[in-house]
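For reference, the structures are reproduced in the following blocks.
Both complexes below contain chain A, partnered by chain B and then by chain C.
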Partner chain A sequence: MSIEIRNVSKIFNGFKAVNDVNLTVPSGELVALLGPSGSGKTTLLRIIAGLETPDQGSILFNGVDTTRRDVREREVGFVFQHYALFRHMTVYDNVAFGLTVKSKKNRPSKSEISDKVHRLLKLVQLEQLAKRYPSQLSGGQRQRVALARALAVEPQVLLLDEPFGALDAKVRQELRRWLRKLHDEIHVTSVFVTHDQDEALEVSDRIVVMNRGKIEQTGTPEEVYDSPANPFVYNFLGNVNLFHGRVHNGAAKIANISIDLPEYRQVPDSAAVAYVRPYDIEISRTRHSSDEIEANVRHIQGAGAVARFELERLDTLEVIEAELTKERYRELDLRAGDKVFIRPRNLRVFLGDYQI
Partner chain B sequence: MALPELNFDKTECGTLRLILRGEWRLVNPLPSPQALKDILSSGEGITGAAFDTRELGDWDSGLLTFLLGVINQCALGKLSLDRTGLPSGVNRLLALATAVPERQGARRAGVRLPFLERVGGSAIDFWRSLLDMLDFIGEITLSFLRFFTGRARFRTSDMMLILQECSADALPIVSLISLLVGLILAFVGAIQLQLFGAGIYVADLVGIGTTRAMGAIMTGIIMAGRTGASFAARIGTMQVNEEIDALQTTGISPIDFLVLPRMIALAVMMPLLTLYADLMGILGGLIVGVLCLDQSIMEYYYETIRAVGLTNVWIGVFSGFVYGVLVALAGCMRGMQCGRSASAVGDATTSAVVTGIVSIVVATAIITVICNILRI
Partner chain C sequence: MTFIGLPFVVRTVQPVLEDLESELEEAAVCLGANRWQTFCRVIFPPLMPAILTGVALAFARAVGEYGSIIFIAGNMPMVSEITPLLIITKLEQYDYAGATAIASVMLGASFIILFAINLLQWWSRRYLDK
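== the complex of A and B ==
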């Protein structure tokens, strides 16, 4: 089932939590709503579920307006950040709950319910724990029970509110892959909220980046990561270094570097900021050309697949993060306090003095 | 000791050199960055600023304040600033000072609203809470309609647990309190009645007093503190844990599932508890009568039977029913209105008890007035 969000706004005590948002989620896709806390992503999800009513705009499921339809009739599955399992019921009862409380004429028979619950518990790999209570399970297991419970009523739409937010890093990683696999199996239209860019990049078909109640960019993970629409998206998806400079009739001067920017030819003179990913910073011990920037090595973090550097520019004292491969790191043999020459490549220049 | 001194020197390439001399300490009169602003507004062709501190003596945070002003001026005038001329210690301190931007609103002091605005705010809040209450009562009425047409859905096992919680579990405390209230009534009455040699009428006083009012009121207050608070805490915790949202997304009305069984349980059990409390109160009076007033048990018994009519008992039981409904209503309503933080649960329980007790007292007043008018 496809979801369409049209001009939706929601105001809490004068604060615009969601501000005129338009979004279409095609049937069967797994879409991530990504943004910092307070960006309105959870509110938007709750509006889709019907747990909040929008002040403006409408929600369409499969092209049918459902804005005024009650949560109970929307047939959505909702997975909460803190699981929200019913504590006085066993795992089995939790999953079966949505079926057993159906009115008599819609309720499946006892054996059908039992079959279905066991099938779902198998799907979430918790078959042997059916008789336990939620308090006897680990966080990851609880969240999988919550997912099974949400799926039991055969929802048209699956909504997940920071489903892995309360779990530790290792379990989170595992559950992410598992969720992706599960979605490939059952193909229910899913929207999930996260503030973790890695999670969004790894799991989703499409990412919707939100900030201050507005959508900044929508696209596949590659599109959003490789060509961010604006400085906010650039900064939010991974680490980034900022170089301040000026643009003058299509030529940018960033530190000592001159770049041609034909798209800004009509701009006579403006402040500009260049964004560079840490792995796009070249480091050398000797000066090769005049456009290199002098810096001091402040800190080196050598553990992991890449070596991370914290450098301090000598002219502006700004801190720059850089990443080098292990081989290059060994080749340069850098120590904290060494003086180096750095050269950014793949600069992405945005006009204005954008502050993050 | 050389006083701090600031001079400007404009080089050909458009860089303004700030020459700092002397001891830049807070105790000395320090030059202001304003001088720089004046130069910037008057002079043209300045594109950058640099420092010359070769003749700078001792310095402290006074210098840093000045330099931060200069940095701000340069940022406003979009000048490039070369900090290489500054002592390295200054540079490090500046980096520290500018590392974290000042939090927005951190300097704002608490504002005290004017009297009228506070009164108005409270009035609006009161009106809103009244509307919320009506809203809630309306939802419960609808839920009861669904219950009587057999469409409300809740778990019978939950219902049984709640029934037990607000009946059998409450017996010990209801026994104790009612017995003591009966004793107190009897003692207070005995002292006055004995003055007239009418000690035997203690049985009338205690019998009518407990059955008609005190039994029901005391039970109501106990249940407000015990069961009403626990309803609010239970439902409030479910609200915090998003379990109520989970219920809704599974297609169940939380009013049917959580509030309805609690309302029914208290409405059914409160009249029974009231009857029990009446008995206990009379027993308390009996103890005083027998032990202190030298009455025989049978004497006390017959006097009570003679004085206490069925009307009194019915009024007490009816009051008990009303209090049960009110306590359940207050508890469930505060629970459902609970915010999303852990502290909100505490507020909800407190508020449930206060609302419960206040509504009990108001209801008692209304029932008494009605009984008076009807002459029963």
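== the complex of A and C ==
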């Protein structure tokens, strides 16, 4: 089922949590709402679920307006960050809850419920734990129970509010992959909220980046990561270095580097900021050309797949983060305190004096 | 009696009720439960131990109550007569045997009721930290 959000706004005590948002989620997609805390992503999710009512705008499921429809009639499955399992019920009863509260004429028979619950528990790989209570399970297992419980009522839409937020890194990774796999199997339209960019990039079909109640950019993970629409998205998705400079009639001067920017030809003169990913910074020990920037190595972190460097520019004393492959790191044989020449590649220039 | 007993229940239930996440209600509603089902099956069971604790405290308090009743209540035979008062009456008539008999029945009954409440409470907490 597709979801359409039209001009939705929500105000809490004068604060615009969601500000005139428009979004369409096609049927069967897994969409991530990504943003820092307070960006309105959870509020938007709760509005879709019907747990909050928007002050303005409407929500359409499959083209039908559901804005005023009760939560119970929306057929949504909602998974909470802190699981919200019923702790006085066993895993089995938790999963069966949605089926046993149905009115007599719609309720499946006991054996049907039992079949279904066991099928779901098998799907979330918790079959042998059906008789346990939630307090006897680990965080990852609890979240899977919560997911099975939400799926039991065969929702048209699955909504997950920071589903892996309360779990440790290892379990989180595992569950991410598992969620992706699960979605490929059952194809229910899903929206999940996260503030973890890696999670969003890895799991979702599409990412919606939100900030201050507004959508900054929507796109596939590659689109959002490789061509961010604005400085905020650039900053939010991965580490980034800033180089301040000026744009003048279609040419940018950033530190010692000149770049042609035909798209800014109409701009007579403006402050500009160039964004560079850490892995797009070349480091060498000797000067090759005049557009390299001198810097000192302040700190090296060599553990992991790439070596991370903290460099200090000699001209502005700004700190720059850089990443090198292990081979290049060994080749250069750098130590803290060494003087190096750096050269940014793939700069992306935005106008204005944006600060993080 | 209600004035004396109620605070025990309210006070013990209040913190538990405050601890109860509103997410639980929301989860139940999302799964299609109506208000009544949400209360009976989601809200009430976790409150049960606290309610029972309150009841036990209120009961213990009520059994020993004497002052407020002889001052305020009427002490009408078979309507608002209470056992502690009967014991005192017996004592004033130097009927120590009778007083002791009533007292021991009272003691036994209190003990059984408190024990039953404790059992019930133990059962209602079965899902915690096993």
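Couple of notes before you dig in:
Heads up, the rule we're going with is that the second predicted complex is superposed on the first by the 356 of 356 C-alpha atoms of A that agree within 3 Å, B and C clash if a C-alpha of one lies under 4 Å from a C-alpha of the other, contacts with A are read in each partner's own complex, and residues count from 1 in each chain.
We adopt the following convention: a contact is a pair of C-beta atoms (placed from the backbone, for glycine too) under 8 Å apart; a residue touches a chain by one contact, two chains touch by 3 or more.
Small disclaimer: the values here were computed from a predicted structure and weren't measured.
Once both complexes are superposed on chain A, the partners chain B and chain C clash. In the superposed model, A:150 lies in contact with both chain B and chain C. Contacts of A:80 after superposition on the shared chain: both chain B and chain C are touched. After overlaying the two complexes on the shared chain, residue contacts for A:271 are found with chain B alone; chain C is out of touch.
When the two complexes are overlaid on their common chain A, residue A:317 makes contact with chain B while staying clear of chain C.
Contacts of A:136 after superposition on the shared chain: chain C is touched, whereas chain B is not. Of the two partner chains placed by superposition, chain B and chain C are both touched by A:101.
In the superposition on chain A, A:49 contacts both chain B and chain C. Once chain A of one complex is fitted onto chain A of the other, the partner contacts of A:72 extend to both chain B and chain C. With the contact threshold set out at the top, residues 49, 51, 71-72, 76-78, 80, 82, 84, 86-87, 97-98, 101-102, 149-150, 153 of chain A are in contact with chain B in one structure and with chain C in the other. Remark: chain A residues 49, 51, 71-72, 76-78, 80, 82, 84, 86-90, 97-98, 101-102, 133-136, 149-150, 152-153 touch chain C in the complex.
For chain C in complex with chain A, the touching residues are 21, 23-24, 26-34, 37, 41-42, 45-46, 127-130. Listing the residues of chain A that touch chain B in their complex gives 46, 49-51, 71-78, 80-82, 84-87, 97-98, 101-103, 149-150, 153, 271, 314-317. Across the complex, chain A is touched by residues 78, 82-84, 91, 94-95, 151, 153, 155, 241-243, 245-246, 248-253, 257 of chain B.
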